[in-house]
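Below: a set of structures, written as C-alpha cells.
One chain, chain A, appears in both complexes that follow, with chain B as partner in the first and chain C in the second.
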Partner chain A sequence: MMVDFSVLTHNAGAIAGGFAVTLETWLAGTCLGMAAGLAMALLLLGGGRWTNRAIRLYIEVIRGTPFLVQLFFLYYGGPSIGLDLEPVTAGILGLGLYGSAYFAEVFRAGFGSIPKGHLEAGTCLGLTRWQMVRRIMLPQMLVIIVPSLCNTIIVLSKETAVLSVITVPELTGILTGIGSLSFAFLEVLVALCAGYLMLVELTAALGRWAEGKVGRYMIR
Partner chain B sequence: MATLQSMMQTLPLLLQAAVATVLISLVSLCFAFLIGTAVCAMRFSRSPLLRGLAAAHVHFFRGVPMLVQLLMLYYLLPSAGINLPSLAAAIIAVSFCSSAYMAEILRGGFLGIPPGQLEAARLLGIRGFTCLVRIQVPQALRLTLPALVNEVLLVIKASSLVSVVGVAELTRTAQNIAASNYRPLETYFLVGVIYFVINSLLSRLGRLGERRLARAHSS
Partner chain C sequence: MVSRPASTPDPSGQPRPAMIQLRNLVKRFGANEVLKGIDLDILKSEVVCVIGPSGSGKSTLLRCMAFLEAYDEGDVFVEGLLLGYAQDREGRRVRAGDPELNRVRRNVGMVFQQFNLWPHMTALGNVTEALRRVRRMPRPRADELGLAVLEKVGMAHKARSYPAQLSGGEQQRAAIARALAMEPHIMLFDEPTSSLDPELVGEVLQVMKQLARDGMTMVVVSHEMGFAAHVADRVVFIDQGRIVAQGPPEEIFQGQQQAPRLQQFLKDYLERNAFWTRTGEDPG
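Right, the complex of A and B next:
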C-alpha cells in the first residue's frame, strides 16, 4: 500500500469547507446549549415544583439516550410534525439540545457549590433574590465550573463527528467521502484523527489558560 | 390508534435488538476493563517507555471521536488485508475507546488511596502483590465504582454508533423499521424510551452496588 498524501492537497478546498462546518456546528451548538443550560439551571434555582420536574425529566431523557437517536428523532422524525430542517440546522439544534442538558448539570453543580454562608450573608444584608444570583452566585459559579465547562465543550466538539450520519458536510463526512472516492483511506483517516486531536488539544489548552486566568481571583 | 398499533408491532423486534445492544456493550466493557487495567498499570510503571505509550493511548482514544475510530477500523483493516466482520470491528472500536476512559478512572482510584496506607503496608511487611490485591484493588474499586457505572451508561449510548457500520443493534434496527413503515417519529421515540429504560435500570443497579460496597466498608 502506497501512502500518498497528495489526495489531501488536491481536495484542500473541500476539507477546509468541512472543517469550517465542524467549527460552525460546534460553536453554534455550544452557544445554544450553554444559553439553554444556564436558563434551565436558573429556573431550577427558583422554579416551582412542576417546572423543576419538567426540567429534571428533560435532563434525564437527554442524558439517558444516545445522541445519534436524538438526531434521528429530530431530523427524520421532525418532518412528520412539520419540522423540516436542513441538515446543518438540525445538527446545530440537535447539538444544542444535547449539550443543554449537560451544561445545565454543570451550572447546577456550580450553584450548589457556593458556600451557604454567602447566601445567608446576602439575605442578612437585604439583597433581593435576583441581586444574590447576579452579584454573588453567578460570579463565583462561573469560576468554579471552568474545568467541567471545558470538558463539556470538548465532548461536544467530538460529537460533531456524529452529525456526518445525518449528511451534515462536516470534517468526518467530507473526509470519508473523499476516502470512498479515492480509496486513500489511510491518508484521509490520518488527517481526520489529526484534525480532531488538534481541535481537542487546543480547546483543552485554552481551558487551562482560562482556568489560570479566572482562578487568580479565587481565595483558596 | 393506528400509531399505537404499529408501535406495538415493532416492539418485539426492537426489544430483540435491545438485547443485541446490551450484549455488544457488555462484551466491549469487559474488554475495555481488561485493556484499561493494563494501560493503568503501564501508567504506574517505572519504565518511561511504557508510561509514554500508555499516555499516548489515553490521549489518542479520548481525543478522537469514537465514530472516527470505528470508521478507521472498518475501512483500514480490509485495506491492510484483514477482513473482520463488522460486529468484531465494532466491538474492538468500542473496547479501545472505552479502555482509555477506564484507564483514567482506575488511575484516579489508585491515586485516591492515602499514601500512608501503602507505607503502613510496607512497614508491616506486606509485599507488592499482596498489597495490590488485598489493599489497593478493593479500595480503588470502591472509589471508582460510580465512575465505572457512568462509563457503562456511556458505552450503552456510544454503542448506537456501531449502527453506522451496519451492525444490527437497536439503532440500526430502528432505522430499518423507520425506512419500511414510514413512521420515523414514533420509531425513534420508542427507541429512545428503550435506551432510557436500559440506562435507568443500570444506574439503579449501580447505586445498589455502591450502597453494598459502602456498607461492607463501614462495618
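Right, the complex of A and C next:
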C-alpha cells in the first residue's frame, strides 16, 4: 500500500476552488449569523413579552435540531413554500440562521454582564439607549464575549462541511469526490483535515489578537 | 463650619427658589412600601444630608429624584417641572417619553456609591462622553472642558488613566467630574464614600465641600456624620420610609430633636465610633 499525495497536486485547481467556496460560505454565513444574533439579543434587551417569546422559541428550535436537518428543510422543503434557492445561497442562509441562535446567546450573555450602574450613569447624563449600547455595552462586553464569539465562528467553519450534502462544491464535497474517484481516501482526508485545521488556527490566532486588543484597559 | 453666602438668607430678602420638590412621594417594590409619602423641598444652593438606618429608603428617595426609580404616587418636581410623568389627553398620568424625561433630568447630576465609571474609557473619556454624544460638542472642545473639570477635582494629571489604574478616591472624583461636566444645577450623591478605604474618604469629601462652597445645590445620602455636621445646611433623618426629623445639623446632632428613633440611631452610631470620646479628639 502506497501513500501518494500526487493525487492532490493533480487536482490542485479543483481543491483550491473548493477551498474558496468553503471560505465564502463560512464568512458570509458568519456575518449573517452575527448580525442576526446581535439583532435578536438587542430585541431581547428592550423588547416586549411576545418578541421575547418568539426569539426564545427560535433559539430553542435552532439549537435543538441538527444542522443537517435544518439544511434539508431549507433546501428541499423551501421550494414547496416558494423558496427556491441555489445550493450556495441556501448554504449561506442555512449557516447564518444556524449560527444566529448561538451568536444571540453569546451577545445576550454579554449584555447581561454589564453592571446596571454603568447604564444608570449613562441614563443620568442623558445618553440614549442606542448610545449606551454602542458606546458603553458593546465595547465593554467584547472582552468577555470575544472568546465565545471565536468559538462559535470556529464551529461554523467546520459546519460548512455539511453543505456538501446539498451539493455545495466546498472543500469536503470536492475532496471526498476526488477520493472516491481515485480511491486515495487517506490522502484526501489528510488534506481535508489540514485545510480545516488551517482555518481554525487562523481564526484562533485572530481571536487571541482581538482579545488583547479589546482588553487593553484591563489591568491584570 | 463652612460658611457659604448662599446658606445665609438672600441679601435681597427674596426666598430662595426650590430646585427639587417632593410631594407625598410613594415608592413600592412589589408589596413593600419603601417610601410612605415624603414631602421635601430642596432650595437653591442648599446642602441637604439624608441620614437613616440601612433599609430606611434614603437611597431610593435619592434615586427617585433622578427617576432611576419610577415612583408610584405623588410628584417630583425638578425646577418646577414634573419628573418622569406627563398627562395624556384625558388628563391621566402616563410615563414621559425618554426625550421629555431627559429634558427635565438634564440639570440633575448623580454620583454613585460604586462610582460606575465606564472601565473601557479613560478618566477624560468618561468625562467627555456625554459632552460629545449628548451635547454634540466637537472633541477638542469637549477635551478642553473635560480637562478643566478634572482640574477642579484635582484629577487633571490622571486624565489619561483608565479607572482600573485609579484608586477608589480618584475614581469617585472622576465620577464627580463626569457629572459636573454637564453643568447640572443639582447634584445628588448616593453614599459617595461608603465603598472607599477610610484614608481615601477625605479627598472625596474635600471636593464635595468645595462644591458646596461654590453654591451647588446638593442632596447627599451618607453615613459621614462629620460631613453632615460640618457642611450640611439641613439634615433629614428618615426611617421606615418616612421623614422622622429634620433641621439644621446642630439641632439634629445635639439632641434637640426628641424623635426616639433618631436618638437611638445617633447613639448606635456613636457607640460604633466610640474611640473618639475616649481620646477626646474632635471627630471633624
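Quick note on the criterion: the second predicted complex is superposed on the first by the 216 of 220 C-alpha atoms of A that agree within 3 Å, B and C clash if a C-alpha of one lies under 4 Å from a C-alpha of the other, contacts with A are read in each partner's own complex, and residues count from 1 in each chain.
Criterion: a contact is a pair of C-beta atoms (placed from the backbone, for glycine too) under 8 Å apart; a residue touches a chain by one contact, two chains touch by 3 or more.
Since the model is a prediction, treat every value here as computed from it, not as a measurement.
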Which of chain B and chain C A:A54 touches, first, second, both or neither: neither
Chain B versus chain C as contact partner of A:G179, first or second or both or neither: first
Touched partner set for A:T128, first chain B, second chain C, both or neither: second
Most chain A residues touched (candidates chain B, chain C): B
Partner chain in contact with A:Q140 - chain B first, chain C second, else both or neither: second
Chain B versus chain C as contact partner of A:T65, first or second or both or neither: first
Touched partner set for A:L27, first chain B, second chain C, both or neither: neither
Contacts of A:L42 with chain B and chain C, given as first, second, both or neither: neither
Residue numbers on chain B that touch chain A, as the complex places them: 59-60, 62-68, 71-72, 75-76, 79-80, 153, 157-161, 163-164, 171, 174-175, 178, 183-189, 191-192, 195-196, 199-200
Residues of chain C touching chain A in the complex: 66, 68, 98, 102, 105-106, 108-110, 112, 114, 116-121, 129-130, 133-134, 162-165, 175, 178-179, 182
Of chain A, residues touching chain B in the complex: 1, 60-61, 64-70, 72-73, 76-78, 80-81, 158-162, 164-165, 172, 176, 179, 183, 185-186, 189, 192-193, 196-197, 200-201
In the complex, chain A residues that touch chain C: 115, 117-118, 120-129, 131, 135-136, 139-140, 143, 217-219
